[in-house]
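Okay, so chain A shows up in both of these, paired with chain B first and chain C after.
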Partner chain A sequence: MALPTTHVSRARSTSASFRLSILQFLADPQWLIPSMIAPIIFGLVSFELFRSAGPYYLTYAILGAGMMSMWGQTLYGSGWATGQDRTWGTLEPTIQSPTPYLYVVLGRVLWNVVSGLIGGGIVYLVVVAVAGGPPSLPNPVGFVLLFLFVMVSLAAVGVVFAAFYVYTRYAGFIQNIGEFAFYVGTGCMFPVVLLPFWAGPIALIFPPTWALDALRYNSIPGYTGFSWGYSWDLVGAVATTAAYAAVAGSIFHRVERHVLEEGSLDEY
Partner chain B sequence: MATERYAVETRGITRVFESRKGFLFREKTRTEALKGVDLAVESGSIFGLLGPNGAGKTTLTKILSTLLIPTGGRAEVLGHDVVAEAEWLRPRIGLVLGGERGLYNRINAKDNLRYFADLYGVPVAERERRIDEVLARVDLSWAAERRVEEYSRGMKQKLHIARGILHRPQILFLDEPTIGLDPKSARETRKLIRSLVGDGVSIFLTTHYMFEAEELCRDIAVLTKGRVVAHDSVPGLRHLVGGDRTLEAESHGFDDREVESLRHLPGVSKVVSEEYGPWLRLTLRVRTSETTPDDVRGALPGHPDLMVRERQTSLEDVYLDLVEEEAA
Partner chain C sequence: MASVSRTSEGNHPSFWGTFWTNAVFAPRTTLGFMRVDFVLGTVFVIPMTQMVFFAFVVRLGGGGASEIAYTAIGNAVATVTYSSVFSVCQTTDQEKNQATLEHLLVSPANRLALYMGRGLIPILISFCTVAVGLTYAALFFGVTIVPGTIPTIAVSIILTAFAMVGFGLLLGGVALYLRTSIILGNIFLFVGLLLSGVNFPLSSLPLAFQYAGDALPLTWGIAAIRASIAGDPIGTVSILWFAVVLSALASYGAAIGLWRVFERRALVTGSIARF
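So, the complex of A and B:
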């Protein structure tokens, strides 16, 4: 009998997890609601909300609804999938495999980013269809790049959130409480500067706050966000995203160790 | 500590679970699941771990398969520490926890196996062939493309086993592998387990089915209340509880004097009385062939309805004796 393979490619594990996410998405019709139907509703609601917000209302509407759609897909979905692993009892065999769980989560986050982009695309098409034409973007290339970066920043937070789902079966409960506070607090729908002053420092802990402000600066002429302006928004976005990625990289090993000590992997 | 002679070796393994419940999780409970387990399991054999519910079998299985860190003591699998060298061990360990959970139900069996083959690093070039091979081995080829949610309990159990052997582990931990299987499937599973040993795999099996352990296992340990109360071959265990032979006497009633007289027959190590319906059964463990059914009949005169039979002491007898002794 041949000896088992002892080296497991991290890229292969991530790609396996990505593939599994797609298979599960295609196998379960309930996913059509958050990924296909919700963006249409968000686009229509956002269009009505922002239609009196000045000449760049279409951009506001697309960003607001797009972020709302992607937030759920990219951030919430990453943690939720790990919660599902607990419920289905697949967390134990996955953790017992030679692949560090972080790489499984990365595959899921990657899929959630793709899924979030699909949602963002649907929002764009809906708003353009309702408005009768595309928004005017002063810097389309910058818009696309920053849009992708916002996704990366959401994904970085998503990976950290996923670690909580490994850590405790109560993570879903905690995330449900914080879901909308986080959504509003990071400026997904409205700029953070519109929030009470005390909300600002809390919001700055999260990478999407910086990335979204930079995206608005880039896409909406005359936009007044954080006083430090576009460049420092970019610096803050990169720094906080890197910090979350670093935390994610180190936290998983400790969380895995913790659950093996606690014996809580099979709790759901 | 461990040599290649042993697939599993443990020294004083303890495991304590602490949990909180109640309002604001103020109520703390502490459960000592394992209280110093010492075991040595020879490589290339099937080892059986028996014990009542809550004895600590699954806890020990999870510790040995790197899914749980012991509170105290030391455990080695294939000569490597299960905590410090978990990374080395994981590709070499197969684990079958079984049950309804533990599989991705919305996708088919092949996709489940592809996912785990990738996580276990089964070479890409071999993956599909290997998946077909293990599905055939557990007789699930015909349902390979069906969603797992359409599977019966027994089919899921087989798929768990297929996943456990997919990456050709050197040691396979099977936690009650035939539970929920129909007799035919259970027999095929036992055949599969035997064939794996032929391939050089060491098997660590927990089961509630005594005949299964007796049929498969070279060595057996009985775990009760977190302690190993016996560890030997089946004949060794029979000897431990007082004899290879069991004599059973049944009638509508025996008095204490009669029971006491049986205890003094040659070679009788133990007499247990048990009521069922209107009958009373006396079970005698007999070490030698000196005492025969006729001797028992002679010691119990005045019972026209007396029935005496002789049989070999079964593993179930041994198990019940050990568990009851521990409980007492």
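So, the complex of A and C:
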């Protein structure tokens, strides 16, 4: 017997999820602090270590710390929301609701990106205050546009991670134990080309690696990143981000079906 | 958390009973980061990834082999904060979360035994974390460890682990008054990287930051371990050991003091113990 079709607005679900994320953040804003404290400290430590290495190393420190803040928010935020759903017992009803879970997650990831941007901005202000002035940017407009694109690439990664976090009970482990590995692997504070050769292909799986390399080419004169240069970095960043966005929907569909069949969502 | 063994005076659990009960149960109930995968990750993964991260930062900044070795030792020791500070300070949160804090506050358990017991496993894990980190430093980051210095290094690590767990318990005491310890835990998880001479000497910081760094047990622990690795005379290392022990005693003392103050307030207000 065919069930009656339920009409739901996916946009409204995403919007409601986004709004709820803001309200939860306002009720308990502590989550901005963990994603900011480490990047601010890493930014200041890196600034101190880079101090004698030339004027553009301030840009390295700021970009790296800002990126770490946004990465942290994406990595933690996506997993935390799903983990909390599981703890509170709201994951099953949410998955069973007519709206695909992807659109609920999308709202959360969007908020994570926005709050990550806020965190990145605060990191920027602190490091600039300590350094005594902002870094010189040869192409500020290009910098801003690329920075926004880095956020989009992080959002794409956040959605795919969130799908994985529905499956795994090890989200906390990945977030806490793998934190530095992500920072190293995506070249948050230094170019990925400094890593051993075998690390390159792994790093290139992640869109932010490409986008951040392009951002450095744009903002640091004389920067030596990937040998293929700025333009191919952009192509790679757009292609990997599109690939993540494309697979996100399909992964979520499969994950939803699988967990409904298994019936083990509430186990943790 | 009542003890199983009791004294002849009646309902007062013995010191060692309370100590042992807490040592055994706290990792399963109230300490954070104590799942097997987390413990293995803390001991084996975090030291390596953190050292690699800062080694590359130093390299990009133009540092040579000696600067990388300096950073590697500092970060090998600094990873102790995960198991000693971040894990231990969550104990109060967990008690609140599980609604066991109010029962704990009215129990006659000896507070010193309770605190020391909770710190036992984290001290052991902290020791392992630093030992593994220093092994990585020797194998991959060009740090030379002379076999003759190993006993001195081991003593330095044990004292550092003891002091850092005391500091974690102190933060746990502060968290009794807060809604959560996560913020404190995160601050002190990383602040040592800046203020404790992990990546560069304290002397390169402004004077106020140097004083702040001196107040942290990690600063003295790192100094003792660096001196031990360098093969400094035992007289020099002993002074640093004394500083580590002093900071440990100050932390444990302050933790107990805070616990008493907030315990009284909790009993008067009837609300502090709630989540």
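Basically, the second predicted complex is superposed on the first by the 241 of 268 C-alpha atoms of A that agree within 3 Å, B and C clash if a C-alpha of one lies under 4 Å from a C-alpha of the other, contacts with A are read in each partner's own complex, and residues count from 1 in each chain.
As a working rule, a residue touches a chain if its C-beta (ideal position, glycine included) is under 8 Å from a C-beta of that chain, and two chains touch if they have at least 3 such contacts.
Please read these numbers as outputs of a predicted model, since none were measured by experiment.
Of the two partner chains placed around the shared chain by superposition, chain B is the only one that A:Gly89 touches, whereas chain C remains out of contact. In the superposed model, A:Phe190 makes contact with chain C only, not with chain B. With both structures placed on the common chain, the touch criterion links A:Asn176 to chain C but leaves chain B unconnected. When the shared chain is aligned, chain C comes close enough to touch A:Glu48, but chain B does not.
By the document's definition of touching, of the two partners only chain B reaches A:Arg19; chain C does not.
Contact with chain B, but none with chain C, is seen for A:Pro98 once the two complexes are overlaid on the shared chain. Of the two partner chains placed by superposition, only chain B is touched by A:Leu260; chain C is not. In the superposition on chain A, A:Val114 makes contact with neither chain B nor chain C. Using the contact criterion defined above for the overlaid structures, shared-chain residue A:Ala243 touches neither chain B nor chain C, since it reaches no partner.
Counting contacts as defined above, no chain A residue meets chain B in one complex and chain C in the other. For chain A in complex with chain B, the touching residues are 1-9, 12-13, 15-17, 19-20, 23-24, 27-28, 88-90, 92-99, 104, 257, 260-261, 263, 265. If you check the complex, the residues on chain C that touch chain A are 33, 35, 37-38, 41-42, 45-46, 49-50, 52-54, 56-63, 180, 182-183, 186-187, 189-191, 193-194, 198-200, 204. Partner chain A is touched in their complex by these residues of chain B: 15, 17, 59, 62, 65-69, 87-88, 90-93, 95, 97, 99, 101-107, 111, 114-116, 118-124, 147, 163, 167-170, 199-201. Per the touch definition, chain A reaches chain C in the complex via residues 30, 33-34, 37-38, 41-42, 44-46, 48-53, 57, 60, 170, 172-173, 176-181, 183-184, 189-191, 194-195.
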